[in-house]
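First subunit A sits with subunit B, and in the next complex the same chain sits with subunit C.
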Partner chain A sequence: MTTKKVALLTTNFFHPTNERIIMGGAERYQVDLCRLLRELGFYVEVWQIGSGWTREFDGVRIRSIPVSRSEYHTFPDLSTAFYENSMAFDYAIYFILTLAYPIAREKSIAISHGIFWDWPGFDLMAGRLEERQEWLRRLGIALTGPQKLISVDTNTINFFNATLPGFYHKWEYIPNYVDTDLFHPPEEEKNSTDTIRVLFPRRLVPVRGINETMRAAEKLTARYPWIEFHFCGRGHDDNAERLMSQWIATQERCFYYWKPLEMMPEVYRQADIVIIPSRSTEGTSLAALEAMASGRPVIAGLAGGLSDIVLHGYNGYLIKPTVENLVAAIEDLARDKAKRQIMGQRAREVAMTFNRKIWAERWARVLETVFR
Partner chain B sequence: MPKVTAMMIVRNEANRYLERCLKALTNYVDELVILDDASTDATPEICLSFPMVKLYCRDTPLFLKDEAQLRHELWHYTVATNPEWILALDADEFLETRAVRELPYLLKQDFFPAISFRLFDCWGREDYYRVDGLWNPWLRGFSIYLVKYQPWLDAAWPLQKFHCGRLPLAYRHLPHLESDLRIKHLGWANPADIRAKYERAVSQDPTFKYMPREHYESILWPADKIKLEKWQD
Partner chain C sequence: MILLDRQIAIFTPNLLAWNGQEPVIGGLERYLHALAELLTEMGYEVSFHQNAHRDFQTTFRGWPVYGYQADQHHLHLTVKRMEETVRGRVLYSSILQQVYYRPRSICISHGVWWELPGYSPAHARAAYENYVAAALIQATLIISCDYNFLNVARAIYPNLADQKVRVIPNFVDLTQFYPREKEQQPRVRVLYPRRLAPERGFDLLKEVIPPLLAEYPDLEFHFAIDKNTPRYLEIFHAWRQKEAHNGRVLYCHPDFNAMPEVYAAADIVVIPSIYSEGTSFSCLEAMAMGKAVIATNVGGLTNLIIDGYNGLLIHPTREYLTQALRFLIDHPRERLRLGANAAATARAFDRRLWEARWRQYISKVYPLERL
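Entry: the complex of A and B
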């Protein structure tokens, strides 16, 4: 039997003009999915926007298509060029839902990584009624083409079933995943209760609650000499990282850095409380799952699929991430060691059901039904 | 642990930072290949006092005539040590101290064949770095200093004699991981060196091809025009 070929279409894995690549959640998902496809015996290539270059990453060829026009949050030129030029491939994966508009390969699957249109800026861009209608109309067409639609959370599926009904049978819920062997609690929990470390393992962007967290850190470090805040993540540009470094220099017991993926298990193990205070544009956050697998209670924002993984008061807290709510939730956990421990244990248990092996099996089943 | 070979070009470094630099490097590199560009001081002796150093000496200086040729020679000696990773640092550059603990993670990861860092130019002293104009380390971006050796990649340098870069061109196009480890550069830390360095820089680039004229002139700015930030460990 000859090897079947899969083309995966995305927008920006590499930045279209330079080599900069930041391994965020979506990029890691893509690398892991490509690895899974190769393990299952497929040949995989990634296609994205760019000037026509070809590169390689993690043993996968990445080709670029020299188009960039986007309208109504769709990329009609990219999708059409991909359709016309990928005939040598047997199957396709649309890594972003809207890439399946206006035309999709017959044997194809589209993925939603969570709702991104719940941030206020989206309303500014697509607030006018006719624009919103056009965007929705195009989404409807994007859902029609692929044979299966994968969602990382139930939030997205519920939204679509209520807004663009009729695709119920196409949706598959495959939540995000965590390597529970790699991310595990420390062999021995540290005994000293001297310092409580609060970890913010996110990029420095407003929708992730960075500004609320900075304010909460100012209040709590002033109130308790034994509390520390660790901000671990990249900014979207150099300026954000510079401003963060400058702010950190004015703060007591606040730290800013980022680490390669290989160091993150250790970073989680050294934290006592992990906060994921997203306001919007969230799926089933990899960072939240990794924190949970490391046996850490998670304080999560009420957004996207975080409610699929955090039960308020059981394995963490699910809050509207205002400064006041953050301060109260962090304070509550920081002062109660027993609560941190029990919630941390439960978090680990819950994370086991999001094990990466389960994710791979679910994906394999979907691939079996479509890629044949 | 993967084998790391560092490579370095030196010339008359005996009264500068060489010994400190080599001492720091013993903490995280396995071998260090040094090409001495015809030093006239005790530089070779200092190098040889470190057992991990492989020293190659030139009789006539080449750096100011054809840096690319010199770099190419150094690369040739370096890959002969059969390294898995190659670190390109100068004798006045220091990875911050926590690198000892964190470098192993960077070397063991297999997503990225290259690691880039931010360079901080300490100015007139060792505990403050410069942040005005093009000196701003937060805004001028990352450069690749550490690469996984890949014998199949072309080892050519660009066809220019100066500002030719430390690594072969092909290695500078690799997808790289931007590390938050900072590099402390002491090249400008001694006020006595600054004028001579300015003159050398301008004589190498009289038509301002590589950097704008204003940037070179800013080297000689009075203290009140220069903006500094404190280095926090």
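Entry: the complex of A and C
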């Protein structure tokens, strides 16, 4: 039997013009999905925007298509060029839902990583009402091509069924995953007399609640000499990182750094409380799942897929991430060791059901129905 | 200090049947009983205003209930009349049929309701533009029973929904619903504790039952169903009569107080909703009873069940439902594990927590005194 070939289309795994690559959640997902496809016996290539170069990453060839036009959050030239040039491939994966517009390969699957248009600022990006309508119209067309639509959270499926219905049976919920062997609780929890460490393990961007968290940190460190805040993540640019460092220098017991992925399990293990205070634009966050797998109670914003993994008052808290609510929730957990312990333990239990092996099985099942 | 009006009028489609006699059985009605009890305890004077065949005035559990003559196809006219008749403070029991929301009012969302299969984008748009937008713009707060409504509304109206919607998940009364010792029975019992309405997935469930009954001689299905709609009941009986193994298709019409026993006798509980679902009382009660629940990934059920942890969360198709039932029938120990986790998670939905959250918003929007 000849090896079947899969082409995965994305926009920017590598930066189109240089070799910079920031391994965020989506990039990690893509690498893991390519590995899974290869394990299942497929030949995989990734296609993206670029000047026509070809590179390799993790044993996978990455080709670029020299187009860049983007309109209404879609990439019609890229999608069309991909469609025409990938005929030698048996199957396709649209790594971003809108890439399936205006035309998609017959045996294909598209992935939604969560709703990103649920924040007030999107109104500015989407522009005038007609433009928003046009964007929605294109999104509707993107749903028609692929045989299966994968969503990392249930919220996205419910949104589409409530706005662009008609694809009820195409949707499959495959939540994100965590390597529960790598991310695990410490062998021994640290002594209760230690300081309480609050960890913010996200990028320094407003939708992730960075500004509310900084303000909450100011209030709580002033109130309690035994509380400390750790901000662990990159900014979108040097300036954001510089501003963060400047603010940190003025604060007591606040720390800012970032760590390579392989150090993250230890970063989580050293925390007592992990906060994921997203305002919006959220799926089943990898950071939240990793914190949970590490046995940490999570304080999460009530956005997107976070309500698929956190049960308020059971394995963490789901709050509207205002400064006031953040302070109250952190205070509540910081002062109650027993609660942190029981919630952390339940968080670990819940995370076990988002184990990477289960994710791989769910994907294998979908691949079996479409790629045949 | 000025004492303010203690009266709160609750507008609702049907607390009682349209003849003003028997109470309607359903989640919305149960919700309103609990809310009216809380309001009464807080010192408010509660009255209900609802649709009726012809105008009536009666009392229910001590609360005055006013019926306003209504035509099924022109319900907005009845709402308009209620609006004109009632002075003072109003609490709107659902988004569905309201057209007007007065300033300083709370409106309750029981979940996204318009996502039925077969709708077109135009239908869907009409639903949220005509109903959701009005509530978001006019009411002071929308209390949603699930996170899903908030997130769907926010993906459509990012600004408004973020400002106006707050979530208070539904509750379970842990003094009534708790795990009980189950008597050893030779058969595995699957319970459907829902109304027979189409959105609750009876049609989906009945498709998968015949092959399973044929395959498993020790399996039985138990329907704990309502008598609200005679037509649905006729369809149920017609179906049951034709079913080859109908000796193992049982049914009952329990009142609410009998429900703990009904759950106790089951091994597996199915909540196969296909649309219009919030944080279902039935699902929460089955969880609190420590049962293995199979729920669909529709609406607020996703805020209760984490697949493989405290139940099974499936896409609402025959294949998935059959597979999930088979799995639980074949794995009694998995039923116990999922049930134990379900009972533990249900404690986070204790009725007292629900009351505490509601109190805050009631005091804010309907203050009893002003300094």
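Things to note:
Rule of thumb we're sticking to: the second predicted complex is superposed on the first by the 370 of 372 C-alpha atoms of A that agree within 3 Å, B and C clash if a C-alpha of one lies under 4 Å from a C-alpha of the other, contacts with A are read in each partner's own complex, and residues count from 1 in each chain.
Note that a contact is a pair of C-beta atoms (placed from the backbone, for glycine too) under 8 Å apart; a residue touches a chain by one contact, two chains touch by 3 or more.
Since we're looking at a predicted model, the values are computed, not measured.
Judged by the touch definition given at the top, the superposed model places A:M263 against subunit B, while subunit C stays out of reach. In the superposition on chain A, contact of A:H236 is made with neither subunit B nor subunit C.
In the superposed model, A:V31 makes contact with subunit B only, not with subunit C. Of the two partner chains placed by the overlay, only subunit B lies in contact with A:A249; subunit C stays clear of it. Of the two partner chains placed by the overlay, neither subunit B nor subunit C lies in contact with A:R61. By the touch criterion defined above, A:R128 lies against neither subunit B nor subunit C after alignment on the C-alpha atoms of chain A.
In the superposition on chain A, no contact is made by A:K190 with either subunit B or subunit C. Partner contacting the larger number of subunit A residues, of subunit B and subunit C: C. Legend: residue contacts after superposition of the two complexes on their common chain; A:F14 is shown touching subunit B, with no touch to subunit C. The residues of subunit B lying in touch with subunit A in their complex are 102, 105-106, 108-109, 111-112, 136, 138-139, 141, 173-180, 230, 232. Here subunit C touches subunit A in the complex through residues 112, 114-121, 123-125, 128, 147-148, 150-152, 154-156, 158-159, 162, 166-167, 169, 275, 297-299, 302-304, 306-309, 313, 315, 317, 341, 344-345, 347-348, 353, going by the rule given at the top.
The touching residues of subunit A, when paired with subunit C in their complex, are 115, 117-120, 122-123, 140, 154-155, 157-159, 161-166, 168-169, 171-173, 175, 279-280, 302-304, 307-309, 311-314, 318, 320, 346, 349-350, 352-353, 358. Those residues of subunit A lying in contact with subunit B across their complex are 14, 19-23, 31, 55, 57-58, 234, 238-239, 241-242, 245, 249, 257-263.
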